[in-house]
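Presented below are the structures under discussion, each in the form of structure tokens.
Common to both upcoming complexes is chain A, partnered first by chain B, then by chain C.
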Partner chain A sequence: MRLAPGLGFLGGGLLLALLPALHPPAFYETVLYLVFFWVALATSWNLISGYAGYFSFGHAAFFGAGVYTTATLTATYAVPFLWTLPVAGLVAALLGAGAGAVVFRVRGVRGELFALLTLAITFVLSTIVLNTPIDGGPGVFLAAVPVPRWFGSQNATLYLLSLIVALGSVAAAYGIQRSRWGAGLFAIRDDEDVAEVLGVPTYRYKLCAFAASCFIAGVVGGIYAIFVTYVTVPDVFSIGLAVDAIMMAALGGTRYWFGPAIGAALVTALTQALTGGQSAILNRALIGAILIAVIVFLPDGVAGGAARWLKRLARPAGAVVVTTARVIALPTRPGAAAGTPLLQCADVRKAFRGLQALAGVTLEARAGEILGLIGPNGSGKSTLINVVSGYYQSDGGRVTFDGHSITGVDGHRIASLGLSRTYQIPRSFRRLTALDNVALAAMFGAPARSREAARREARRWLAFTGLADRAAALPEELNLHERKFLDLARALASEPKLVLMDEVLSGLTPTQMGEALQLVRKIREQGTTVVFVEHIMPAVIDLADRVVVLSYGRVLAEGKPRDVMRDREVIRAYLGRAYA
Partner chain B sequence: MWPLEEVPVSTIPRSLLILMLGGIFIIAPWAPAAAGTSGPPVRIGGTLALTGPLGPTSLVHKIAGEISIEQINKRDGLLGRPVEWVLLDDQSKADVTRTLYERLITVDKVDLLVGPYATNAILSALAVAQRYQKMLVHHSFGIPKLATYPMHIPVSALGNEPDKSLPKKVFEAMESTGQAPRTIAIVTSKFSSVHFISVGAREVAAARGLKVVLYLEYEFGARDFAPIATRIKEANPDFLWVGAIGLDANLLLDAFQTIGYKPRGQYHLFPAPGPLINAPGSAFAFAYTSFEAHPPMTNNPSAEELSRLFHERAKQAGLPYPFVETQAASSFASWQLIEAAVNATRSLDDKVLAAWLKANKVDTVYGKLSFDGPNNYGPEYTKVKQIQNGRWVVVWPKEFAAPGTKIVYPAP
Partner chain C sequence: MPSLNLLGQALLAGLFTGGLYALLGLGLSLTWGLLRVINLANFALAFLGAYLSYQLATALRLDPFLTLAIVVPAFFVLGVVLQLGFQRFGISELVSLIVTFGLTVILESLIQWIWTADFRRLETPYVRATLKVGTLYVGVSGLLGFVAAAGLTLGTWAWLRWSYLGKAARALAEDGAMAAAFGVDRRRLALLLSGLSAAYAAVAGLFIALSHTLAPSQIYAWMGVVFAAVIIGRLGNALGLLAAAIAIAASEALTMAVTSPGWAPLVSFTLLIVVLLLRPEL
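Take a look at the complex of A and B:
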């Protein structure tokens, strides 16, 4: 944590911790307890759902696991209340990790399916609790559980416990957001497949985020059990709890570590302020209206709105973005001896529901060369890139990269060996600036870097691709040409030994294409091997040292570009006429 | 959860929005004009679940409470001072209930407390009351064994063991027909108080020689009753006990209609009275009550007046069943107890009031209530009501039965 926010955080926490020493009316402690309760719960939800984009409707399950752990340990086994809290967190974390270990392996369980699955966990868990002696139906009464009296009162104890958990949650959210882990989670939220191929260990990151989220929810639940003194299944495993946490996080801003805390404080304060019994319905309607207004006018939440406002202040209206000249001087990096095989595919096969996309591809890319990969649409070029980069698992054959077998290896491990790629249609992380898109690759590339070092590296690659002045822009603010180059900068920022380029020239104007060809040559000059898929034959002839032609998932021909372009089989199957 | 759908923001004029925002922190207590009173008001604080899932029933308590305050103030208030009800909305949430009772005691500094609605909220409030040694008069608590605080005053008149006494009364009613059921099916929600009493019903039934041919539990909030209805039909019991709360009874009757089943006798524990009376197949259904708005219960002036006033207000408020029954009566009785205790002791001291209530019998809309038994529970006034000619009428015990009615069992 940086010094200024860290000190502010500690100072604020200490001041709040001293409140019970002033012996205020207990109401203020209990209201603040509720504020901290929701701060912790909304922040914990945000770790998996806001940061990683895995929307959970089942937070009540993990909260409930904590509630009933504390309830059971204190009421049935007379375990001291404070001792039960870490256990409550652990039980919830294990539950989350157990579910995540299975669910996160399945590529199809994302988005709404994950939300439904977490909801199902809530139902299953509540049914178990309801039909076993853990509860059995009538609820668990906890009024007799001894609670330590910090500052001479139980209220103060619960207040301080919730303060500690809330501060801990927000500090964790802050730390995670500023770490590699946080950067990886944000990338997962935007495009998990791309993140994996860029080197983000997506499975591990999601699992840890889910476990951390559940741990906090469990501890919060443990304190809550003693706060309300009587817990029942319908109250605890209520979908309303998850909905409230979601609403608070969305209100505050899910992409900000402090967003859920703002949302929780606002909603809880409103809820407490609007409790007059003579206007109950109007109060609720007013709260609803305020929330709707905030959501409509501040779609990124209060924190997002504030950030946009600050950004507008920092950049005067009418400021014109000027593209500067490219910096093209790059150091040459040591690599495998030129001409030695860097990537080898042996009899690689891949089928999709009976469609044989790769029917035994054998080829190699040699260190220092530019290899053109061409062929008609559906010949298997992109599938081969997806298999090599780890996005698809092959059905058979072997892929070796720089002496390592990468057959069946996760994408992020392949990336760490020094292999990167671009996409036919650019797949930038849409909520990250151009700078952070590239910095992410630099953080998770072959040489792992800190966030700051990665940003410095990213600026270099943005300059190389002519995007230096677009560093602060979001991908949606870039045109196709810029987004293609952003993709390229991102692929290069990981300092790959081999970069796979999927139709990087398509859609570009002749001038832009000329710039792109220059860039590719520069990339090779600084020591990176290039395999590029392309349909523009003049560019292929101009750029490639060698060419491999795929047709129906098999290698049809390979050799020098001019030789291949005259190959009668290639002309018949793909070109239609000789290009050289 | 938030009632986002209730007020589309675009329909609120800006001026109204500003007015509403300006009024956020204003909490207007219920303090109708009081003739013959002077001095600072006696402030009595409490919460009700005015919003959230328990909202509809809490509205009954709110109307009954407002009638009570009006009447107390007409009688010169308490100690010659006007009475003010500081009513807050606990939103059907136990944690908010706790917080609001802390507020009533430590910030609003009310003189006396009156309880929230329903068991869970009352337990939350009881813990706060106990911490500050405040008396809590409450009206809707379903699990007496959990209420051990010496200064709680339970008005629901369920008795100390409703899990035994309530089923016993139901079975006595059936036996009184001379055609006592020999088999019974028990299906129940797992809602805490309902489940507690239904588990007791199973034991009482077995002890009285009834054969329990089916016992099923379903989760609170269940919506699909078709499988349960089918199991009941297959079991073909002489009598059906449903641990119903809210709209469970209606949903089960809908399922019966679908499969063409009509129970020979059916008892629903805590159904929503209005919807059930209008449900197809509900004729001659039985349910729990402690009070209904007909003689002999309305023979005393306070009950008669309550019935008349409540009917007017409930119709204005659009309640589906605008008659006094258990909920309104228990709420009204709570205020009667507070008034009686303050007038008798000329004190607002919680300990003094609680001690007096535990030592004396008080006339209420129910009859005489006392709190000298285990966990402060006194006599139980459980009754059995039945739908006859489109109205709920008490049919058992005989002394409380509506004039000219008798139990109809088996249903024709």
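Take a look at the complex of A and C:
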């Protein structure tokens, strides 16, 4: 089963590779060269833009970097053509990595902004190439560059090279999609902040995906330079090139490794069939219309449409709902000795402009306890969770977890130390099934796991939270309480030493709340420390071993729940002076 | 170092070009900032407007400015129809980009089919008319274009800032569902904004026809720099757009005067990169 795509791939590739041996008319090789060219470009674009959701408008820049690397090396320095190709890829990858190293550090640059940044890079690069000796204006002639003759012709060589690059890029896309890296990229596309807190090294993953994407574009550019034999800045650094690649990937389906390849093959074939002869202009308009129709009616592309159709066909056969028993045995994990401090916050401060959300919070959570964090709205509870989990940088103070200082440490590193969280408003990855949502956490949690092991682990946690029969559902198909439990399952699947729960109980019916309380107790029984933020006081009294009360960003009181509830300061903070 | 007079002339050219950038960017900024539609077709629409003005002015011998009386209402309707389509299919920001790219290709083909790929030039008395102010030559069509740009951007800005409808539009952009809950008619307001944006493209088209030679391929020539101005000026902020457009065009013009024309794009796009990295929130 797993071998099938690989074998099909190899077989198809070999067949295509043998084509030049038959000495077909040059026309066929040229058309196929074009198909391979676009397959590689669209697939490479998809690695960063489809998988990670960072929409690149500047693929022409990285393609162009490859074109001019090969052009300069072969024409000026007489480097053998084949040697220039890896260099072309490397130059483009370095350029991408350099840009990414700056751009990916800025939290706000996502989606459309990234698109415009890469667009701007295209213009800057093309201006530099145009005005320096790299090109200088008149273009570069490459007809005299010697090209090895495989199967006896230069055309065949270029054909085979582009075939190799196309197959290589599709294979890379396949490999990435099935790896932890790919799972991380898909999570980044849906919700980057959550992905980071679940342990995905978002910065590194984005950077590597961008560099890989640029590398392929650069190599494609190197082959293109020799194929066209004459390169000019306006031809190479054209927005049209980037937009065509985007269009093909979107048409084929950006969530599938083979989507861009399908789109590229379709559009290239369509263009070849339609743009010959008299009606070339109107046919171009037709291509525009097809693009609109496909993207409007098949937002997930041809591949997405086909997948949905197959799913619908398959559903009647596999409509057996398996409900797993709720009670499952959980292994108790050796951790820090019960009662020793696990999480310590010392004088933690955080301000948003003028608002001092945390004005020096000092508290600790001890291994094995259930700590309730309460306080009026706006007292800084959620901010504290955000600081501890690494989403916010604190302005001052120290946070220590399990003996490690985690002040200012990236969220994914904190996660791998064994700290996880849930969100007040559930934040599931909306394009991943419930199972994949949880599997992601298992994959990147404290013990890192393979995809398969993570899926097995995820099933356990779905069963634990009573969601076993909802494994294949998308988050939007779940109701609020199911999504809250999904959030919880995700937080637990990373096998944390400590889990921070932000109002898991709010909005639940009394029955559901009873179930939730049972869950929290069971979580603690297996050795996980629980810190939970809650407004529902009976639940807090019922559940918590200890309670910390926050008010205006400071610790107002702490102690046993019943003692704290009688504290005059606490009553005043909640209800006002008259009741105290 | 070029003379002071040359620098003055360059700055003036920058001012006028900046006006044109702002006119082209106005519709883009409004639909993107307020409706979350990235309308790439805005550029093709402007060129369609330019060709229509050209056609009406040459075939019917109308005064170029009179052609606006026909083109502007027609484009308003076009913008409304476009938004109706977007609403019918509930189109997201990213999909709007791809759909309007498809539309751009269709419009480009249409223009090429009707007017061919040859260069066209609108010959009117306005094109050559110049005023002499001190030692500077001021082109009349450029000046009029700048006045139109300044008037429309300032008017739009004031409308969005102070009128009830404008406030409703800004509320819509911030939280559509909430604005609707408070009685803002989302759909009709969106239709109005989309219609207005297309109408602005028609005005931009006229001034492109007055100041530039027309060719279908030129549709793509303006995209980069206008996008830069729209973003630097902040989405949906007409006044910011005008300021950014003038700053970009002036810096380009100065670069051209001081170094060579080829280096001009470097300035605007480096500016865009710096702005995006320092103030990334849209």
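In the analysis below, the second predicted complex is superposed on the first by the 561 of 580 C-alpha atoms of A that agree within 3 Å, B and C clash if a C-alpha of one lies under 4 Å from a C-alpha of the other, contacts with A are read in each partner's own complex, and residues count from 1 in each chain.
Here is the rule we go by: a contact is a pair of C-beta atoms (placed from the backbone, for glycine too) under 8 Å apart; a residue touches a chain by one contact, two chains touch by 3 or more.
Here the structure is a predicted model, which means the values were calculated and not measured.
Undergrad: Does the chain A-based superposition show chain B and chain C clashing or fitting?
TA: clash
Undergrad: Of the partners chain B and chain C, which touch A:289 in the superposed model: first, second, both, neither?
TA: Once the two structures are laid over each other on A, A:289 reaches both partners.
Undergrad: If you stack the two complexes on chain A, which partner ends up touching A:141: first (chain B), second (chain C), both, or neither?
TA: The first partner, chain B, only.
Undergrad: Is A:119 touching the first partner chain B, the second partner chain C, both, or neither of them?
TA: second
Undergrad: According to the stated criteria, A:246 is in contact with first (chain B), second (chain C), both, or neither; which is it?
TA: second
Undergrad: As a test of reading the superposition: which chain, chain B or chain C, is in touch with more residues of chain A?
TA: Ranking chain B and chain C by residues of chain A touched puts B first.
Undergrad: For A:7, select first, second, both or neither according to whether it touches chain B, chain C, the two together, or no partner.
TA: neither
Undergrad: So, A:425: does it touch chain B (first), chain C (second), both, or neither?
TA: The answer is neither, since A:425 touches no partner chain.
Undergrad: Examine A:102 and indicate which partner it touches, taking first as chain B and second as chain C; both and neither are also allowed.
TA: second
Undergrad: Which partner chains sit in contact with A:130 here, chain B, chain C, both or neither? Use first/second/both/neither.
TA: both
Undergrad: Taking the superposition on A as described, I'd like to know which of chain B and chain C A:21 touches: first, second, both or neither.
TA: Touch partners of A:21: none, neither chain B nor chain C.
Undergrad: Just one of 6-14, 42-50, 78-86 or 186-194 in chain C runs into chain B once the structures are overlaid; which is it?
TA: Only one listed stretch clashes with chain B, namely 6-14.
Undergrad: Take the contacts of chain A with chain B and those with chain C, and give the residues found in both.
TA: On chain A, the overlap between the chain B and chain C contacts is residues 126-127, 130, 137, 240, 243, 247, 281-282, 284-285, 287-289, 291-292, 296.
Undergrad: Which positions of chain A touch chain B when the two form their complex?
TA: So the residues of chain A touching chain B come out as 25-31, 33-34, 37, 126-127, 130, 137-139, 141, 143, 154-155, 224, 227-230, 232-235, 240, 243-244, 247, 270-289, 291-293, 296.
Undergrad: How about chain A: which of its residues touch chain C in the complex?
TA: Interface residues on the chain A side: 55, 102-103, 106-109, 111-113, 116-117, 119-124, 126-128, 130-131, 137, 238-240, 243, 246-247, 250, 281-282, 284-285, 287-289, 291-292, 295-296, 299.
Undergrad: Quick one: which bits of chain C touch chain A in the complex? Just the residue numbers, please.
TA: The touching residues are 38, 89, 91-95, 97-99, 101-106, 108-110, 112-113, 220, 223-224, 227-228, 231, 260, 262-266, 268-270, 272-273, 276-277, 280-282.
Undergrad: Enumerate the contact residues on chain B facing chain A in the complex.
TA: Per the touch definition, chain B meets chain A at residues 1-9, 12, 17, 20-21, 23-30, 47-48, 50-51, 55, 62, 85-91, 94-96, 98-100, 102-103, 105-107, 120, 123-124, 126-127, 130-131, 143, 146, 148, 190-192, 195-196, 199, 217, 219-221.
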